[in-house]
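Handing you a structure now.
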């Protein structure tokens, strides 16, 4: 009986040598793993793009209606300067807006966690705030705050704070009751209970919410540009759309997507840093 | 041999927990495992049940059941932490093993229900696990395991949270039904008297990394009754076990 | 107020709100900027970034001093109490028109639109206006409306909608360039009053407080549109230069500018910018008659105002 | 020493009589509790409205820019017929769209949970899907699907499926590793592990995500009406906006908010039904 | 009296768990509580520590410490389920009580660290609770409690998951330091020998709803050493306890 390496834990009589099912067997960690992790996404995206290209070529649909991915790529590349110039302000406003959004979400969630009265008072307002169409409040924002950074930051915050706030509020509320009880038995103040149990207990829930919210951040910034902006991916999209340059609109959409995916990926890295004890089994 | 283990080694990263452990259990036998806290007893059960890898262990070695590779799920594991599911009632927790094996819910419930009385859990069928006391949780977990109908039971401290009386009652219950169902049983316990009272053989493990340091056969007639508790042979085994552990 | 100082009175820049991303409707504004007319008049002019808020709202609330407007949106806004005055007509005639795809042989004139689908923008006067045109052409004026806003033209091209109301000098040119021309039914060809398609509106209070700067600004804009009317190619170049990156298709701008200069920027006397009470009373009066105009309190108004108080030619060079 | 009733658990030597800190002491359950629960929200909303009313009266801002709440109420009431007629199609399309959204989210989350390959392949696509500006794809939707229900349903699904999918995916992944291990030891198939552990374990996380998503559902429907519609709250808003009737736009926003809050509240009721074992301490 | 409990009654909905329980504990005394599984021992501790309400219990009655109302947090509770926090290392779990009381992190760590060796946890300071064996978790939870520096310790089955040897070592450790720190201790155990060995008095509870059925004083010299284990007086107490439980 010579030892055989298998991935399944000891379930067979033949000699087994198995390594954690958690961290997938990796011959050489670094680059190879990354490549193997990215492969499925790359494959599927490639397949979809090919399908799309084929569909456009076969149906001969007008590029104003649906340009082929190759055309989007080509034109996007030709206009890379303009795309970059417009991406920068969007990235800037996204960063500031999302920072504000996180601050607001944490502040609200903590306040609500400490006061059931506030919880009941604010919850309907928070929900209602998500129903405000930006179009309806844009004039107010402009009249009050002009065309500077502020109204855009407000729009992004408005669009993205809610998932984080809800995730945190429910995360706090869902923490293990007996753990809180233990702390209370130690005479822990409400603040200490929060710090030692509710806060760390809510972090996984926070990161889930963060992933949802961060996805909306860039889109929110583009949306915010409707309130008034001189440059930005949203402005670029509108300019191109009004000139029937669907290909360039989609190029800008692609840039947005790449930005969002990068931010989304970033949350995993941050999570690993902040909650080293927590391992969802992302098998 | 019902179960045959050879050269089983388990490590968590740099921490070697089991190093080349071998053991045999005959069909219908009850073998107890005693050893210092943290030596690797629960880890051994995890490796047998095929789930040690789940929390990051590296496992090597051979496990055979009935002389061949492990097929299906012959092991019924009662984990040390009871692992009752908060989203199921106590009754539905106890039917889990049966449901997984494909028994109909109704049939499973009937079979589990029958044990609630002898397990002192009558009236708590529809309670949630969070509403049970520590000892009641443990009994529910044991109930879930024995009702699951597996050939080999792996019981990890099944009576650890029970008071003397309840404990004796449960031990006697186990002794009385073990034979009837032909269970092959591996039992982790820290109570040498319990080990001596219930077992055909007791394996004493060394501190981590664990190997079988000593194997002690208990030559007492079966089925064992309360009378055995005063048998000097039992006391002798007990003393021998303690001595081995102290060594 | 302080704004009553001389034409060179610096102070705050003059803020101009645009209705849309830069396009040929704005040609005179940017021509004036590029040709230095504002500088010559001692004016600091700021074009506000494009945004989703109606220019009438911005101008009326004082968030902007001037803005691009249209005769119908101006009418609704002013009736609702907005503090705005039209200071110049940019397009002297309808450039927007009822359009169907040129290959629609089943639609030869507006009366054939009965029972068809209109791709609209949700403007309150749209439907009555189209009904009037269809009825004037002998139809019943019954059609379905899908409110599509900016997707209206795509729906038209794709055949999901049968007709829409594009600008001849923008979408009309674009369609032609693309080789899928549109068939246009002009409102005036079907018994409808002519109208100022595009206007320049100012904040009334600001105008009164800054008469000199207002005059200087409006005249500079008028010079810009005159330049566009005289030398469209040059004006188009200026429009493009003023908005780098905004135009990807030169031909669209050039042909649009040409068409504007040829047909829309001058009135019957060849003047640029001048408005008449009669023209105002025509289309705006029609809108009042439809019952869709509401007053500041939200109640429908039918009684027509004195339209001559709505506009002024006072700031123009005459 | 006569027994005193206090809310705090036994911490004093004076005789205590305390009832669960979880369900707040309620003299007469039913109506009174509900009233007391709603009081904070009502108070805060009333305060905000008063402030707004005062601000409008004091600054004399034109109603086209910012109407007073009283005017919104009054005009909303005057146009209640139109509001109702437009709310109905919006509610209808919301219901259908959200149903589709939930189905899609569950399908994706389950698929991803069963296949790590799919997880890696789809995650970037899911994120990217959230970056598609409706404005940019609206024309495409119309061209492909016409003016019927379908494009609107698609927009709502697109806007709302993502939070649910992420919540579910992470909920599945976060379930107790040892519980899964126990089931594996019983020989449970992947499907059984899912059914007995991962599914119930993910439900709290699902409901958190549901609350975020359902808030976007009505707004999403209004947004979807930009894709093309004959009636609906979104159409009503556009019409009124073009007529400079900010008061009626806000009346429609108020209807939207009430609808959203009602749906939000509904999730709690459903959660209590579906996960009776789970009690976040919503104190 | 350090602790004085009068007419304590606890019920979960319709389930009466404690009904009018009264007891006194003198300063420095160690009182054990034994009783059938599920009778309400852990519930009693929860009520004393002021947290029974947390999971829905109705509590009435009087608890006094030092002759007056309960002020601050005099009780150091070691719960039956260890409740180690997964997000803290083992060391940081054990410093929790000190941190809550305002001790600096550094000082708290130093004090807890000193006990890792005698508790057999040396080397696991930086491990996460999930990486400990059942017995190691229990020892970590005990460490957290005793290092917290409270006047009254409530220990709920502190040695339940330990093997005989480790258990004896821990019992002896407790016996040796109890005096030094002047801890008043209430101890729940299901091991009558343990109760007899460690206690000044043992309270035997009736089945649910629990009251104090019998109080048995243990008249053995302190400090108690291994020698006491063979003392016939200990055996007598043990027998009496078992008898009372069986009654």
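Letters A, B, C, D and E mark the chains as written, and numbering starts fresh at 1 in each.
In this text, a residue touches a chain if its C-beta (ideal position, glycine included) is under 8 Å from a C-beta of that chain, and two chains touch if they have at least 3 such contacts.
Remember, predicted model here, so these are calculated numbers, not experimental data.
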Required minimum of steps from chain B to chain C, each step between chains that touch: 2
Smallest number of contact steps required from chain C to reach chain E: 2
Pair joined by more contacting C-beta pairs (A-E or C-D): C-D
Interchain centroid distance [CA atoms averaged], chain B/chain E, Å: 27
Averaged-CA centre spacing for the pair chain C and chain A, given as whole angstrom: 41
Distance from chain E to chain D - Cα centre to Cα centre, in angstrom: 46
Sites on chain E at which at least two other chains make contact: 50-51, 54-55, 81, 130
Multi-partner residues of chain C (each touching 2 or more other chains): 54, 57, 61, 150, 154, 158
For chain D, residues that touch 2 or more chains besides their own: 65, 135, 139-140, 143, 177, 180, 241
Chain C partner contacts - residues on chain A that touch it in the complex: 62, 64-65, 79, 82, 85, 134-135, 138-139, 142-143, 146-147, 226-230, 235-236, 238-245, 248
Complex contact set, residues of chain E against chain B: 12, 34-38, 40-43, 55, 80-81, 120, 130-136, 139, 156-157, 160-167, 190-192, 242, 245-246
In the complex with chain D, residue positions of chain A that touch it: 37-41, 43-45, 48, 65-66, 116-125, 127-128, 130-133, 135-136, 139-140, 143, 162-163, 166-167, 170-171, 173-174, 177, 180, 204-205, 207-209, 211-212, 215-216, 218-219, 222-223, 234, 237, 241, 246, 249-250, 253, 256-257, 259-261, 264, 279-283
Chain A partner contacts - residues on chain C that touch it in the complex: 20-23, 48-54, 57-58, 61, 63, 150, 153-154, 157-158, 174, 178, 180, 245-249, 252
Footprint of chain B on chain D - complex, ascending: 176-188, 192, 196-197, 200-201, 203, 275, 277-278
